[in-house]
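Working notes for the structure below.
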Amino acid sequence: MSTVDDPRTIEFDVRTDEMLVNMGPQHPSTHGVLRLVLRTDGEIVSEVTPHLGYLHRCAEKIGENLTPRQFIPYTDRMDYLAGMNMNLGWALAIEKLMKYEPPEKGRHLRVIISEMGRIASHLVGMGAYGLDLGTFSPFLYAFRERERILDLFEEVCGARLTYSYLTVGGATADLPPGWVEKCEAFLTQLEPIIVEYHTLLTTNSIFIKRTAGIGVMSAATAIDYGTSGPVLRGSGVDHDLRRDGEEIYTAMYDGYAFEVIVEKNGHYPKDHQYPAVPKEAILGDCWHRFYVRMLEVMQSIDLVRQAIDRYSTATGNYGEPMKLNQKLPKGEVYLETEAPRGQMGFYIVSNGEAIPWRARARSSSFCNLSVTSELCRDCLIADVPAIVGSLDIVMGEIDR
Amino acid sequence: MNAIYWPSVFFLLFGAMACGFALAVLLSANIVRMAFYLVMSLAATAGLFFLAGQEFVGAMQLLIYVGGTLVLLIFGVMLTSQERFVNMKTLAGDWVIGMIAGGALLSLLTAAAFSVPEWRGPERAAVENLPIEPNATPIGMGLLGARVDQIGAPADERAGMAGYLFPFEIVSVHLLVVLIGAAYLARAKRRSNPLPTG
Amino acid sequence: MTTSLLANLLTEPPGVAHYMTVGAVMFVCGAMCMATKRNALGVLMGIELVLNGANLNFIAFGSKYLDNGGPQLGLDGSLIALFVIVLAAAEAAVALAIALNFYNNHDSIDVDRADQLQG
Amino acid sequence: MASAINNLLDWLLTSWLLSGLGLSVSTDSAIGYVVAAFIHIALIINLVAVGALVFIWLERKISGRIQDRLGPTRVGGKFGWLQTLADGLKLITKEDLMPDGADGFLFKIAPYISFAASIAAFIAIPFAGGPYPWIAQHLNTGVFFVIAVLGLEVFGVILAGYSSASKWSLFGAMREAAQVVSYEVPLGMCAVVPVLIAGSMDMVVIGNQQAGFFTNWFIFHDPATFITFWVYFTCALASVNRAPFDLAEAESELVAGFHTEYSGLRWSFFFMAEYGSMLSVSLLASILFLGGWHGPIPIASLLGLTAENGDVAGYVGNLLGLTNVLFKGVVGVSVMIWIRWTLPRLRIDQVMATCLKYCTPIAAVMFLGAVLWQYNLPGRTFFGLLAAPPAMFSVDEGWEAPPAVTTEPAKPAMVEVRVEGLTPQQVAANQERGN
Amino acid sequence: MSEPTLVDQLKQKFGAAITGSNLENVDPWIEVAPESIVAVCKYLRDEPSLAFDYCNSVTAVDYLHTDEKKAAKSEWQPHLEVVYHLFSMQHKHSLVLKAMLTRWKDDEVGELPEIDSVAHVWRTADWHERECYDLFGIHFIGHPNLRRILCPEDWVGHPLRKDYEMPLEYHGIRGR
């Protein structure tokens, strides 16, 4: 990428004074209570410093005072847009410590629920990204579809945001009768709608202008900064914990057919079905991060369908929830799962009591956000929401 | 008891605005307010142009002067306005000298204006029923070198009245030169830091 | 006395002299602005005022509605006014460029400090 | 009735206001002017204020439907048609805030400047044509005037941004200044194309020339005008600050841009100004390109509803014309709303590039194209397929045709005088001079 | 890669810097002396057969019983552990490193314990170490920007330490 031809190389015609501007914590496009301090020279941002902590609720300290099952509701409130996946991450980490293996039916149930959670989360990510770029309608379309997922979740566990459904040992209840059919009907309806979103955003020329070639992050930078999820794969790193993770997690996806959504030789898996990569887009830019998310929605739809098939034929129980005050074995474990926003890790130290000695949550958005100051160097003000939006952060997860 | 002549009312209105805001420009020390007063003064001047029957020039004044030049000026003000420049006080001595010179000049000019009887204003009856004549096309034709207002005049009066084609060309070239010159003066001095290739 | 003057102004058409008076006020204000303001942009505003004051005279002399049988500019008045407007725009652009350049070099737009030819 | 009002006003003005100054008002003309002026002002302010009310409701309804929602449904019974009024009441009762460091005078006056500029543009816009056009002030340079006055709206925005003492507002103001000044160039160029075809800047003349079927509309005059219309619409979007060019208030970047610090009534004035400008550029487009007060099928003239068949017929015809103009204006505004709720926002450098790299060159080329077309295919319309009706290209510029003795036979064709499409005063003036 | 061979390999390379290991745990870990943590991390990252290019997390655990009865029965002396979770994108294997620190530097209450920063080895460690500093009060030497990240900058104390007590009030807000 040459320096001269890059659109972001701005020629200064007037020497102006630098200005420090607070973007947030009350700003429409910082996704909650994030505060970015911009050092600007006119429209050009020379430096961005994120300031966090406005939503810090001491989740880790709370985790040191509650039994694992009591802590489940707190995981909901980390990434509140993907509560199911947070539940799953915590549950699996405890199960890893307890060396527990859920029954087959429970595994498939977990795949259904967590992939649905991923769809819901990515829909919000997509809509909110449109909002960051100044178009309002996709946001409402995304919420319309997400509502239907929330309806399904409500039927499953009674809650629409903080589910506490997947729990250590399995789930709190089996799927209600008739739920699977409703879910399948929803997927059939969602699939063509995703095509509409591609027309509205992915292939929109203004959208491409605003995102292609903006916030380019090389694979090396992405790894160096510990980014994960669609942000990492958007930079072309072939890594997905559902395939490359620890066995206790990959066992869930055993026998499922899916390809990791990452660009290889200029192509995405099954990309003939979807809009082609525009020639302005550079691997690792905002457009690719967005596109990976869009493709992951399709991937998740596919996975849910497979899981429904297996779930319907599987026999046995969906799992046995762990007792509330069951003592944990001594030891310490660290487990990362592929949450919608990236790798959500839980580190648990147990000294043999019912309450863990230490509960640590490694959040994906936290690491993804740390790359902003690197990406937002010498960009325009309008690029800052575009870049931060493409990282798709949730402050609840970052501040914990 | 005489009937009100409405154009006069508007003349007074616009004239007072033009003069008042011009004075405000002079007296204000805040550069941003000065710019605002100047806008109002020049807009009122455009009103005076309309009142004098020069619609085209009035619209031109609004478009180019008020809409273009002054926006540029305010742009400049905003670019250079730091705390210490916004309020830049004039020295007292300057005020005194300025007032004396300005007052003298003003009284001289006003006296001169009213010293010629033909300039004092037409009879009401003479102008009240003058038809409204559009003047955009004559101006346009004048710029192209054809003087439609002189069509009826005898040949000897029209001698040397070749229109304004040549000045028009000169101004066009001048504008081009200015465009290039201004771009050169405010040209790029430096580039942004090389981009992170990451 | 005042009432009759006002009455006269309200009942009789304005003439060239009235326009010239307004023009004179603007001209003088502009000239004083140029002389007294230390801010380069203030000086620029003074120039604009001066040009407009002059323009008013051209328009006044070119208008048949103000004509009381004196010498008339006719169309030439409006044409010259037009040229003034266009040239003022050009002048403002250059002056602004100079002012910004000056600001870049001197960190100031105080014209009293522009006493050397080299930046 | 009219004379009663006249007498009352006369009495008020003479006895109460002016007798102290030794003045009187003649009942024949002056009062009539004043009353007419007040009626015009009232109508225009109503158009802008009620228009804003309607357009905000329309925006909500359209955006609601676009987004799979219902939009307002309750206030005022059906369709929530009083929602805007309710919001207006809310805005009036809202606390009027001003930041501490703000420049109070400029901060307070800025919204009114914007609003005044937005209203002033309507002075020269005709709402119906014919020999008795419905227009507040029949200006010979109407097109020019409207564009010039629309450009003044930017002052309110700049002053608001500057005086708010907020960095976001300042960013908004700078963007607006840069954007509006740049877009005035292509906008003016596009507006010149119909002017060139009509041979007049008088909007009444331009509108009248497009009489007849829609084939006579200037948008269909030739390929150049067709393209020009779209460029004009783009530039108009940019110059009234609507998405995707709404950078001055870009809510995802600048919080709310230039009106970040405004609240209550002052804030609503900015909005009225915005919707007023949207309507005026749409009306300008409809008159310059889309036949103005002429429908696609000349119902009024086919039914004989013209001024030649009496005052009432002319009035009804004008009423139809008014409906046409307003309908086209509302359609234009609706399209702007539609675009806003569909497209993402451009970045500031892309906005400037759109202006300098696309709009301006295209407008310039289309201007040349229209000139060449006119030169090669004079007197034809609808992409050159049809012969233009005689009403087209008839311009009166008010001066006499050159006498035969002229020594400069340079351009007799261009100074030719036609007599169609005149106002009664002009006809009378011509006759007088002819006599 | 198997853990026992890796421990041997590291011991060979760094000798006494590898202070211990626990291979029986679910996630085996290797203990590294705090002074040589940067050297070990650099080696782990740069050695092609290991290539730990991805740092999942840097965190700490505070070992202290506030209850004296429990403290008397405890198997360990009060101390702080800094835990590094590493991963290799290339080989898809992971590793846990630990470094033991005293709870206070030189056992003087209030003096923060020190360890070298690995923020220049993996840039993601920058924020993780800031969080550690914020919540545990560990001073990372050589960190480019060691400020509190989650708590306000004028916060007193390090909340995740076991003996932490919530302040009574903070800027007029009641704490307890």
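Structural remarks
Order as written gives the chain letters A, B, C, D and E; numbering starts at 1 within each chain.
Please note the rule applied: a residue touches a chain if its C-beta (ideal position, glycine included) is under 8 Å from a C-beta of that chain, and two chains touch if they have at least 3 such contacts.
In this text the structure is predicted, and so the values were computed from the model without any measurement.
Chains that touch both chain D and chain E are the following: A. Think of the whole protein's Cα atoms as having one middle point; the chain whose own Cα middle lies nearest to it is D. Per-pair tallies of C-beta contacts place B-C first. Averaged C-alpha coordinates give centres for chain B and chain D that are 25 Å from one another. With centres set at the average Cα position, the gap from chain A to chain C is 64 Å.
For the pair chain C and chain D, the distance between C-alpha centroids works out to 30 Å.
Each chain gets a centre from the mean of its Cα atoms; for chain C and chain E, those two points are 74 Å apart. Residue positions 7, 10-11, 100, 103-104 of chain C are each in touch with at least two other chains. Within chain A, the positions touching two or more other chains are listed as 10, 14-15, 374.
Each of the following residues of chain B touches two or more other chains: 2-4, 56, 60, 68, 70, 72, 75, 79, 135, 138, 149, 186, 189. Every residue of chain A that touches chain D in the complex is listed here, in rising order: 7, 10, 19, 21, 27-29, 42-43, 130-137, 140-141, 144, 200-201, 204, 206-207, 209-210, 380-385.
Residues of chain C that touch chain B in their complex: 7, 9-22, 24-33, 35-39, 41-42, 44-46, 48-49, 52, 55-56, 59-60, 62-71, 74-75, 77-79, 81-83, 85-94, 96-101, 103-104, 108-110. Residues 63, 66-69, 167-168, 171, 174-175, 243-244, 246-247, 250-255, 341-350 of chain D are the ones that touch chain A when the two sit in their complex. Interface residues of chain D, counted against chain B in their complex, comprise 18, 22-26, 30, 33-34, 103, 105-106, 139-141, 144-145, 147-149, 151-152, 154-155, 158-159, 162-163, 170, 173-174, 177-178, 180-181, 184, 188, 201-202, 397-400, 402-403, 406-408, 410-411, 414-415, 425-426, 429. On the side of chain A, the complex with chain E involves touching residues 52-53, 56, 58, 60-61, 64, 96-97, 99, 223-227, 237, 239, 244, 246, 331-334, 336, 343, 345, 347, 349, 357-358, 360, 362, 366-367, 370, 374, 399-400.
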